[in-house]
Amino acid sequence: SGNSDNSSDGGDGSDSGSGSDDGSNSIDSSSSAPATVTAEGSSTVYPISNRGSSYWNSNSPASDGEYWGANDESSVAGWDQIETDMNIADYFASLYGFEPSGERSNPPFATRVALSHSGTGCEAVRDGLVDIGNSSGPITAELDISEEERDANYVDHVVGRDGQPVFVSQAIYDAGVEQLTGEQIRGIYQGDITNWSEVGGPDSEIFVVGRAEGSGTDTSFRLNMLGDADAPMDVDSRFGQNQQVQQVLQDNDNAIGYMALAFSGSGIQAIGIEFEGTLFEPDADAENTIFDSEYPLNRDLHMYTRINEETPDGTDMREAAFLNMFLTEFGQKTFVEDVNYITLPTSDIEAEREKLPDQA
Amino acid sequence: MSLTPKTDLRASIERRLTRTQEFVDDTDPGALAVVLVSMGSLLAAFVGFLLASPWTAVPFGAFLIATGYGWARHQALVARAVTFAMTTVTLVTLGLIVVFIFAESIPAFQYETASVFGVSVPGLGMFTQARWDAVSEPVRYSLLPMIHGTVMVTTIATLVAAPLGVAAALFIAEIAPPRVRELVKPGIEILAGIPSIVYGFIGFTIINPWAGGAFALNGGSTYLFVGIVVGLMALPTVVSVAEDALTSVPDVMKDGSLALGATDWQSMTSITLPAAFSGVSAAVLLGVGRAIGETMAATVMLAGVPRISEPLVNVFYGYETLTSLIARGYGSANGVHESALFAAGVVLFVTVLCLSIGSQYIEARMRRRLGGVE
Amino acid sequence: MSRATQTALVRDDRTVYEAVAGTAVGLSGVLFAVGLAALLGVVAIDDPVAGFELSVAFGAVLLALGAAVVGFGVASRFGYVDAAPQPSAGIVAAAAFTGIWFAAGAIVSGAVRLGAGGRLGVGVILGGIAFAATAFPREDVGSTLPAGAVAGLCGLSLITGVVGPGWKQVLVGYNATLFGDTVVPLIVLFASLVAGWSAAKAYGGFGARGRNVGAYVLIYLVVSSILAVLVGLVGFVTVKGLPGLFNGFGVGGAALISWPFLTNGAGLLADIAGVFPALVGTVWLVIGAVLFAVPTGVGAAVFLSEYAEQGRFTGAVEVATNGLWSTPSIVFGLFGAAFLIPRFGNQKSLIAGMLTLGFMLLPLVLITSREAILAVPDEYRDASAALGVSKWQTIRSVVLPAAIPGVTTGVILGVGRIAGETAPLLLTMGGGVLPAKSAAPNVLGGFQLSGSPPFVSNPALLEATSALPYQLYALITAGLSGNIQNPQEYAWGLALTLLLVVLVFYAVGIATRYYFRRKLHQ
Amino acid sequence: MSQTETEATTANRTDSQGVSTTAGETVEETRPEWTRYEAGGETKLAVDDLDVHYGDDHALKGVSMDIPEQSVTALIGPSGCGKSTFLRCLNRMNDRIRAARVDGTVELDGENIYQDGVDLVELRKRVGMVFQSPNPFPKSIRENVSYGPRKHGDIETGLLAKLTGRAEPDREEALVERSLERAALWEEVNDRLEDNALGLSGGQQQRLCIARCLAVDPEVILMDEPASALDPIATSKIEDLIEDLAQDYTVVVVTHSMQQAARVSDQTAVFLTGGELVEYDDTEEIFESPESQRVEDYISGTCLP
Amino acid sequence: MSQTETEATTANRTDSQGVSTTAGETVEETRPEWTRYEAGGETKLAVDDLDVHYGDDHALKGVSMDIPEQSVTALIGPSGCGKSTFLRCLNRMNDRIRAARVDGTVELDGENIYQDGVDLVELRKRVGMVFQSPNPFPKSIRENVSYGPRKHGDIETGLLAKLTGRAEPDREEALVERSLERAALWEEVNDRLEDNALGLSGGQQQRLCIARCLAVDPEVILMDEPASALDPIATSKIEDLIEDLAQDYTVVVVTHSMQQAARVSDQTAVFLTGGELVEYDDTEEIFESPESQRVEDYISGTCLP
């Protein structure tokens, strides 16, 4: 791999990757080094955010070719639009006026992402505990605030989309259930349909899997699929996180479940869903796909920042430098598409970049 | 009749007062001052911490300094004061647990107020209907499904842990040859060390899928296997406490039986077990307490849906226990929902505390009874 | 006072009867073990054995065992052998067989589609017969006939294939199905237990001695099963975890030992993902909890056993500590979440985890220290007092040193227990799923002084931090969406690391206790 | 711990201080003939060359001795000389002590109880034992007495026996009465047979233990300092009882009191420190004209002149 | 438990069986003059009308007695008569027993040790005590001996003392040697002072306890059956030592052995059951011509004629 010359432990930034104290230790920054950017929240946004943070903290040089830049064998996606000889974090930080460090694993400032839930992330950014609140649902729903309040206090950075496909166990898929209508799914999740034979499958009970009550995914599924964020549901099992849902769908041969797109894997199959006559297929090459923004289960993945006295724009330079990384072709490809989420269309990227302060 | 205890009380208070007076008179005023400063600042630090004051560090620093100084100059008195403070910390901890989890659970209890005979009783609704739904209307926080789950898991766990545990305790205390005993005893103790999340990991990745297939279940979460796993976890507690009780039966009693030509088994069942009966039941109670409070295996193995299995004794489906409800829900819950989790904590805490006090009572009775033999 | 039965003082050397009975006991043991293996899927019940399916072979052996057991009883009844049966097998055996045969009756009649009433009726009839057969005849018949019949019935059902591979029974209403694959081993386990017990009684010549042997056989089976489970569990985790744990392990080279799994994080650039941050987190957790709980617990123990007058106060503290000891860990977690988190920056943090675990450790330390201090002989205290040494001096120089072994053992075992705790951390400490090496808390370097309250701060203590048990939980729930090559291997490696950390604490604790005990007794 | 000092005593002490202590002035050899004693009756227990080790500790050294039927044999000697060890060898209660190793033979009615295949239960039925401190079971007086016979199936009680009509309450009643009477306790407890035995006084408890032992109808009764925990009145009752029992049973009694040995026993065996049997003879002989100087010292030495 | 039986003994027993037991035939009154004894030397400890209750139990009844300086006073009497209780009153070790209540006065060099404000630490430094069974601390021999002086700050050791140059290893060395020599133990242990004291034999341990007591340099030494756990050789060493100590110290020793009392003590006090001091006189007087019949019975009665 790209860092074979490093001893295995030096590689992941043993010395100065992050930790609020590390900034002050780093060689060429003064004592007033920028603080670590912290983020927390939704497990759905976590893969994007965490991967971005890892890349940032690694501060790989442009000669790496695997994580950043290009070499003889490979170059990262979107590299042709960037073309710099700076390290990755150095480059994006310098766009907002930070001194590059020039060292691997030593970004101009560090980033850190914690995993919890959308609601927790929103609360944390509200209370000023973190810089960025990750949320898979709109903050208005999570914190129960009005849109005016939102606009007055938060800036909503959308970095990608989740298609939230519906999955079934491989055996069910093989038995012919390759698509369901919205009605049928609603029936299954509200306990009206309990046997696969009722929807053209084998004669076996349906094992209905949901996400934890109050999780962003659960809320948006109720909202988008069942019509109301408070819609009643009747499931056989609920799991706190996406991974468990995936595992259980694999372990059982009669299960149906929904989860973030990022968690598709072997042993489970995403199915097509027909809404009002339109069939959205999981296949990216199909006419209508679950990646389309028309797909009802499609939702934005947010990174909220807080407006306060110091940052009337809502986003300071550090946050902007970090967020901007996601809003490049490189970022969309590496942090969004590679973890199986839906990238933003170019126009949306432009709109999102507009929300950031001007580059230096 | 009511006079005697009162005078007793007054006398004891008076005695204590005079003793305090004497103590103050006898003690070096410097030492007394240091101790007063030290204890006062500790109290202030505690109050500051309770109020979440940023100034807490100041009295705490004062406490450290006063105590350090006192330790150098008046060690005996300071040591006494500090150890007393530490004793208080233990009591205060229990008190704080009670206060905080009760306080946090109040909104849920209020929300679930139900009336009986025209009197509205807060929290009654949690036990009189069976619906838990924190999202869709009507939002209800019944604890019954979780109590049912806890009872199921605990019952199965007890069925596993009690007979096996008592048998193993008998084996260790009475039957095993010394060599074997020296292997088995630490072995079973080590069993207590296996972290519950490791059990949970095995349960979730191995047992659940297997159970789903082996019994053609709709899913793989079962009270049966959660109960068995939890029973395994409670087993070492039962074994070690029961073994203590069995070995505390005086050898002369067992010898007496054997010398009459009774077999070992007869001596165990007719003499040792009856004599140690209280201790053994205390062991089982403690094991039950362990099982009730076991969290992680239940959390990762159960389905996480607050529902009562049908029929009630259906062990092939496992939905939710009090512990798993808290572990799973905490974080994504807020408002009354979060408060309801604390209410579940209150139910757990009170139940286990009762079991603990019960087993202590039983053990104390046994000690008294065996003590009477001598 | 004439002796009712005069038995020989010396039992003859092994008779044929005893030899056969002994063989039957052994056979039951083997059957039990193979049945267990079949239940765990080590062997399949349709595996061929000498041309038959395993389940048929099981049936044949069971049938033979049943016949043998009945034979033992009959042989004894008609006086062919030297045995000392009592007039009855006893109320316990009678109740047990009543229950067994009631259940058997209900199940069998259920299989032939009788209604609930019919099933109850058949059950009651069979149970009644079993009761009579056990209770009324002499012990040798009473404890063999019903047992032999159980084994025989089970054997027959297996031989004839009434129950066997491919058999299934839907449990109506329970939404579950029983399959031969699980039921056959269960039948074998059960029948071999019953037959083994009965044969053991016969081996012991019935009577008091026979009961002794019978009970011992059962207890030995139970204990060996427990040990088998223990060894199986630890062995299983070890086998699954070793590849992950030793991934990239090497001796020699730049560092003397390179053990990437333990020294790496799971960050982007790590060749081999490791658990370093969680390991460090666990270490700090333990240190924090010990720093809080040990002085407090030992101090309180000293006060309670040396200063306080034994009375209501000490009684209350005792009840409180025992209550705290058995309080579920998740309740401690709730408490930490409600009490500590708002006081430490309103977010999950290392120090909240430390203190929560400290609260859990406190009662354990207190209880063991108190025991250790009370175990210090009063002679030492008297001797010291008689030399004119003050109370505190005595405590410090005589009592505490003598109590140290007990305290140490208690602390180590307690630490083992909290090191594996997950539930409180879930609510109070959080942490990353796959933290990079840089996420390891730097507590020592983190202290900062400032001119404004609270004057001292340490960000490392105030951050969410990962620990081994929490990371394992997070892996189960949140998954392995990192750049980890072999996620399963990583997870099992983590489980093994956690298990080893905890077991090492336990082993050291137990060894310390043995060491001190031995030292004391020589 | 005082091993070395004790040895030193035996080896060096040449000059007695006028008051003779346990160890004699000069170490005498032990003559085999001193222990060869022909008792009147049949030999009930024949002990031959019995050695007992506790780990490395040699507690009994080659003891041989024949105990006659229907008589009282007293075992005396200083503390730690192995009296209890010897007694416990006679019904193999030493098997319960893990460190103990027994070599040699003990024959009960001509059958070696240390051979393979000995049924310990049967042995202990025939050789009963009463312990130093009374150890009744925490059950009623009646249950204490009927415990042995019940366990041996000699009398049946309980629900099942009642159901099958095999219960013999009368037989049990009779047995309990007979045993308690034999142990001189019936008078005192006949009105409270259902009371817990732990409520009895020490002396009554000890007699209850004897009754419990008698109920099993043993042939030999071993008693290890049966009166040491009792006050004088209770002691004298027990002593009377022992003399009485010798009419039917073979009684072996360990005692630390010379008077007791002198009063109740027919023959006396003297053990001395180190686990040797030094002298064994008619009780009168032993107390009046012991052969061995050490025994004489021991007997007189335990008292001020 | 045998309470009632014991009372019965005292009340009913009119006919002694030739062996007199603890309780005399008829209860005699106690005459005060029997205990009024004028010793030769100065009075070190003056006990006046001492009463001790354990809860409701009246363990010592109005005991008055003057203990002379630099002599050995023996306390004898049957078990439970209050000898230990009396002894523990002399350095207020009874304060450590919660149930105990002490009335009366004990004067040490004319100062009442039961008045308010008495410094117990100081008192116990001056009145040392040696217990029935040896109880060395589980520390090295040296540490055992220097324990008292160290705690009193008489010698300073330890890191801090070393750092500040106040450590006095030589003084400690000398003190340890002196104390051990005085206790007749130096010879035996001087080559292994750093060994754990628990590795010593019982007799050595007891002498170590005496040395530990001497190291504090008390004026009075109380000993409660100091040799009862020891074998004869060790006992005689301790006895020699006691006689020797009386040259410098005032020794009060409880013993259950008449011989011991006769051998080592200058004066003897006899307590009898019930907590009375019955007779107190020169040892020879007591053993040869006791005034009280009960004392005579007691002294001769503990033995077979």
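The first chain written gets the first letter, and so on, giving A, B, C, D and E; residue counts start at 1 in each chain.
One rule holds for everything that comes next: a residue touches a chain if its C-beta (ideal position, glycine included) is under 8 Å from a C-beta of that chain, and two chains touch if they have at least 3 such contacts.
Keep in mind the model is a prediction, meaning the values are calculated, not measured.
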For chain A and chain B, chains touching each: C
Fewest touching-chain hops separating chain A from chain D: 2
Size of the rotation, in steps of 5 degrees, that lays the CA trace of chain D over chain E: 175
Of C-D and B-C, whichever chain pair has more C-beta contact pairs: B-C
Inter-centroid spacing, chain C versus chain B (mean Cα positions, whole Å): 18
Length of the line joining the C-alpha centres of chain C and chain E, rounded to whole Å: 55
Between chain B and chain E, centroid-to-centroid distance (C-alpha), Å: 50
Touching two or more other chains - residues of chain D: 121-123, 126, 151-152
Where chain A touches two or more other chains at once, by residue number: 116, 205, 239-240, 244
Multi-partner residues of chain B (at least 2 other chains): 204-205, 218, 262-263, 266, 300, 331
Footprint of chain C on chain B - complex, ascending: 49, 52-58, 61, 75-76, 79-80, 82-87, 89-91, 93-94, 96-97, 100-101, 103-104, 163-164, 167-168, 170-171, 175, 184, 186-198, 200-202, 204-205, 210, 214-218, 232, 235, 262-266, 286, 289-290, 292-296, 299-300, 310-311, 314, 316-317, 323, 326-327, 330-331, 341-342, 345, 348-349, 352-353, 355-357, 360
Sites on chain B touched by chain D in the complex: 178, 250, 252-253, 255-263, 266, 270-271, 274-275, 369, 372-373
Parts of chain A lying in touch with chain B, wherever the complex brings them together: 116-117, 119-120, 123, 205-207, 212-215, 218-219, 222, 229-233, 235-240, 244, 247-248, 251-252, 254-255
Contact set on chain C toward chain A in their complex: 175, 248, 254, 258, 260, 263-272, 345-347, 430-433, 436-439, 442, 445-446, 459-460, 464, 474-483
Chain C - residues contacting chain E, complex: 309, 377, 379-390, 393, 397-398, 401-402
